[in-house]
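Consider the two complexes below, in which subunit A is the common component and subunit B and subunit C are the respective partners.
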Partner chain A sequence: MPIYLYIEGESWLHRLHPVVKVWALFAAFWSVYWVDQPLALVPLGLLMTVAAQAGGAWANFYRLRYLFAGVVFFTALSWMVFYRQGTPLIDTPLVRVSRASLLFGFGRGLKLAELLGTSVLFLSSTKIEEFGAGLTRLGVPYRVGFAITLAFRLVPLFIDSALTVVQAQRLRGYEFRRGGPLARMRRYVPVVVPVFMEALRKANAMAMALEARGFGAGGRPTSLIDRELRRSDRMAVALLGGLAVAYFLIYYAGYGAIRPD
Partner chain B sequence: MKELGSMWQDSRMVVLCAISAALYAAVLVPFKVVPFIPGITELRPANAIPVVCSFLFGPAAAWGAAIGNLIGDFFGGVGPGDIFGFAGNLVYGYVPYKLWEIVASGRPPLPRSAADFLRYALVCLAASLLCADLIGWGDNMLALRPFGVLGNIIVVNNMLAALVLSPLLLLAVYPRVERGRLLYRDILGVAQRRPGGLMQAVGVVLLLCGELGAWLVGNLVSTGRLNLGLLPASLMRPPYDAAVALGVAPFLLAAVGGLALL
Partner chain C sequence: MEGDRRTPSRQAQGLSDCPAASANACPAPWAVELRRVSFAYGASAEPALCEVTLKIEPGTMLGVVGASGAGKSTLVKTLNRLVPAFEAGRFEGEVRVGGRRLDGLRVCELAREVGMVFQDFEAQLFSTNVAHEVAFALEQFALARQEIARRIGPALSAVGLAGFERRDPTTLSGGEKQRLAIACALATEPAVLVLDEPTTDLDPQGRAEVFAAVRRLRGAGRTLIIVEHDLEELAVCDRLALLKEGRLTFEAPPAELFARPELVARCGLRLPDLAAVLKQLGIEEIARDVDEAEALVRGRYTLPGPAPAGGSPEGPAPGRAGQTKIGRPPLVEVRQLGLAYPASASEALSAVDLAVEAGEFVALVGKNGSGKSTLAKVLAGLLEPSRGRLLVDGKERSAAGRSHLKGDIGYVFQNPDHQIFAASVEEEIRFGPRNLGLSHRQTAERADQVLAAVGLDAVRQRDPFLLSKGERQRLAVAAVLALRPRLLILDEPTTGLDYREQRRMMALVAELNRQGIAIVMITHTPWLVADYARRVVLLDNGRKRFDGPVREFLGRPQMLAESAFGLPAATALSQRFGTTALSAGELVCWIRKHS
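The block that comes next holds the complex of A and B.
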């Protein structure tokens, strides 16, 4: 089961320093925060599409196309319940559709889709080790960064072992699809318990293996990924900074807001 | 709350934190493929894991819940709201064992009698409410999703998993972990706390009143049913981002303050 979005490659996106990629996440969050107007969000969306094509991440965008569409649609719908502004086109006790609520809902949906796009770009081009190194470089304590990367590594192992248990239970005639949603949910308990116990059996051995390799011995641990910022990284930081400033200026000039009337 | 910091000194707790996070994410990620409401939430049977792990691994499970949710979010889109997702899940993993120590007088968290099940349900409700408050408040403040949607979906999702799945998992797993001396009390070498003490009582009251107040005010303000007279009229307009942020914050502060006193 392919749960990771990482796509092997040597594109400019892959070669960016992990800290710059974390900065890119922040710049994207900052940019979409200031604007609600869908038109103002379009340039960022286009920029992301170009980056996905040029950075070799497009396959993941295509794979998740229905999720992107769903995010925009359902977010727009939920805001139509709460954003009761503007002259109504349809007015019911629950949903009030107006030009303003359509624009507002669509804008917020687009925002979330662009945030999803940023994370897809990040995950498509960043290995877990790079992410861990980036976190440590940003000042996250080594042990916390280690726990995050170890957890990332364990996820596919646990999923694989759960799938093995499911197959074994099926062979013994256990029916996972019988009953309503709650009954089906409960039927997965016999799958989770062996995975849980297997994981706990490993816990002591893992802790000993870590300590045998000097985990917790003190001092600053070194990392295999320990490279300096290059010229291209600095340029990317500057461009992303420019993008963040531009979006703040759009907000400041009043072009990012939606006026109900 | 100091054990949230001191647990990082113990290698076994670090490993248990990673295991809790990975177990949570391993159940979370497959359900990301079939979101319940895309962009808002998905069906989350995985929410049973932080509760179970909380009773077993204490502070390691709290961090595990936060990290596991972060990993899950990486597969459904990370965003600034994940900061609040991190904090919300941290308390979702922290509150159950902490409150259980107070309300259950040293009994194992196995809801075998009606009274124990009621205690267990209240502890889970307290954890779910604070988690929902923090995430709903943060996401509404960041202009991403309305409190009235997210704040309620999280409570329902968490309670469903905690009441339907967690008790079964606990009954199967807790006695084995206890025999294997892998409970957080055994690893950290802390004795079972006795309930009582004025500070603890104040903490519980602050926590419960704060989180219930935050949930009510968040819902009422985000749906336009409550007008906070202290705030300027310009803030009391849809989408109520600033109004929710300012109206809910004092209650959240009280709840977190109460948590610190437990």
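The block that comes next holds the complex of A and C.
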């Protein structure tokens, strides 16, 4: 089973310059940040839908459908309960629901789903190496960019290792689900220690392999994927900039907020 | 010195007999030259390398052999300064590559001269795409994008991975990953390529792929240095360097080393089957392959030809599910077992019938991805089958409950470090029995018993992480044995161990089997199957292809070839004479009897 979200393709989304993709991620996060009103979030959602269709990323959205549904549902539910403004429709000591809290909760759920969706779209159309190259072009030190991309590569390996350790200890009769929350956390010591030791060994082996392959040989590394910005890249930058400005104006004009009554 | 090396009769350097000649007197442009190199890790008093002097001509293929801890990896790591730059310790002597002294150079600066491929292929691949992986080192040296793109294709072609450019390395097989690692090293066009136990973690198909790639790389002036336990694979090398306890004990062409079986045994190595057969038959010549061995044997003995092709049926042997020798239900049994992993289009296991009885010794073999570990985990109760029945002592698994997760069926994982966590060896062993609810006294008793059984009594208070790989593997077995299982499943228990450790581990497993514990052993090592198992189950694409006695299994070369299971060389040679011998000794007896 593939462990990355990246989907091989040649769509216009795939072909965008890595720097533009990082900029797109930032512009989407920025836009979502300024508004709470669900209606104001709809255009961005539509834009994302179009991009997902064009970029062939639906498979990943389908794969994560339950996560998306859960994020929207539980975020909306919790904010509906904890948002205390507006005329109550239901008012009990524990739960207080108003039209404003419904809107606010749904808006928050939508916001998180759009943040998640943007990230899925980014990872579906951007190789980890492109992400690293994009960060480097934006001025992030090469070693920092490489460390970030390496983390993407390592996390699935460590998860795999942890699952194997859990199986090994279960076969020795070990019960993980015994006692209260704190006791259960302590019961994971027989998993944490082998995984940590494995991580140390792996990190040591990896560091040696990196050095042996010339990591840090000197100068600024070049990149197989580095290239100049094309006209389409510049157009995308302008469009995304426009989107970011538009969302800020929506906020500034007061259309992005929820009015209690 | 140069003249010496080119005169076959004087090639063997018994270094203890022959003090190193004056290195400064040699003007030859050696590809690699070590002068009295010594190294001790950390504060250790014992040197990992001791005054090693070695000269390697350009274009040579050198095999570095020796038991675990002999200093093989330490030796090759001096060639790109991983030792001493990366490993703390005391270093003495001088290393030159292409005539240049390495003192003061950084490891990364040497990547263009010395390419290195490590045993752990997972730890040396960092990218999400094969082309990017190959490009990595070139990017580090700030090569132009066009130059990087130009080098990727030839590097991949050299190892047979042309067309893989856009593949995700995590989706490659072990052999493909290791060949990719070789391609990455080749891309920098190094004069010296070092492969440090590149096939240890691979199945026979992966090993064959890697060695085929290595053979393709010979010539073109590139110097190849391969660290390996298996002498059989190194018969094609120009020379072998044998290390023992950090000292270079012998350096000569393979034939000269194979002619000294007592030295091979003393250094903890396994003499290749063909060399063993010829030696025992009193034939002094050395064969590099089965064809040569057959010719040599026929030159001395009159023997029959091979059995007619297609003499034995290729279909699965009659199913054994549900059969018992003594009327009792099998210890564990699966019927029409099917298992599909989530998000996978095909089944990992399909319609598998298998019954394991008390006291059996079953080898579970097949290519990587054939379903061996999946089947073993179903037997152990770790995976829930999608279809079919799982019976323990004749009862449905649901009726048996989780009891077989608590000791009846023990499972030793391939990597012992996946279960070791305690502060001492003894604590590690007592962990399992304690989980079963045994008292302090009972867990102590069990620890005493299994520590004695696996030969770890002397290190019972040691930190398990400070043990050798072989000792950690035995500790993992001991920790499972303390649960007193009736069936012990071992997932490749000899991976990463040298021959002596493998023999020791297998002697332990055989002894447990003699005591009545049923063994199911997943393995890729042909001689282990031939020497220890009594029954073989071959899986192919999730289906059982063969289930029967070892001799019958090894007597089906066509099926074995299709399943990428390499015949032991002695068996392959015996089939040229129309029989199927399981070992070199057995073949020698047969030849003497039938000549």
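Observations, loosely collected:
Assume the second predicted complex is superposed on the first by the 198 of 261 C-alpha atoms of A that agree within 3 Å, B and C clash if a C-alpha of one lies under 4 Å from a C-alpha of the other, contacts with A are read in each partner's own complex, and residues count from 1 in each chain.
By our rule, contacts are C-beta pairs under 8 Å (C-beta built on N, C-alpha and C of every residue); 3 or more make two chains touch, one makes a residue touch a chain.
The structure displayed is predicted, hence computed values, not measured ones.
In the overlay built on the shared chain, the residue A:Ala168 is in contact with subunit C alone; subunit B does not reach it. Of the two partner chains placed around the shared chain by superposition, neither subunit B nor subunit C is touched by A:Arg65.
In the superposed model, A:Leu150 lies in contact with both subunit B and subunit C.
Applying the stated contact rule after C-alpha superposition, one finds that A:Met197 touches each of subunit B and subunit C. By the document's definition of touching, neither partner reaches A:Arg230: not subunit B, not subunit C. In the superposition on chain A, A:Arg259 contacts neither subunit B nor subunit C. Residue contacts after overlaying the shared chain place A:Thr222 against subunit C, while subunit B stays out of touching range.
Note: residues 1, 3, 150, 153, 157, 189, 193, 197, 202, 206-207, 210-211, 215-216 of subunit A belong to the subunit B contact set and to the subunit C contact set alike, using the contact criterion stated above.
Interface residues of subunit A facing subunit B in the complex, by the touch rule stated above, are 1, 3, 5, 25, 29, 33, 36, 67, 70-75, 78-79, 81-85, 104, 108-109, 111-113, 115-116, 118-120, 122-123, 141, 143-144, 146-148, 150-155, 157-159, 162, 182, 185-186, 188-189, 192-193, 195-197, 199-200, 202-204, 206-207, 210-211, 215-216. Interface residues of subunit A, counted against subunit C in their complex, comprise 1-4, 6, 8, 63, 127-129, 150, 153, 156-157, 161, 164-165, 167-175, 189-191, 193-194, 197-198, 201-202, 205-227. By the touch criterion given at the top, residues 80, 82, 86, 106-109, 111-112, 114-116, 118, 120, 122-124, 126-129, 131-132, 135-145, 148-149, 166, 168, 170-171, 184-185, 188, 341, 343-344, 377, 380, 382, 405-407, 410-411, 413, 415, 417-421, 431-432, 435-436, 465, 479-480, 483 of subunit C touch subunit A in their complex.
The residues of subunit B lying in touch with subunit A in their complex are 8-9, 11-12, 14-19, 21-23, 25-27, 29-30, 35, 37-40, 45, 49, 52, 63-64, 67-68, 70-71, 73-80, 142-146, 148-149, 160, 164-165, 168-169, 172-173, 176-177, 180, 182, 222-224, 237-240.
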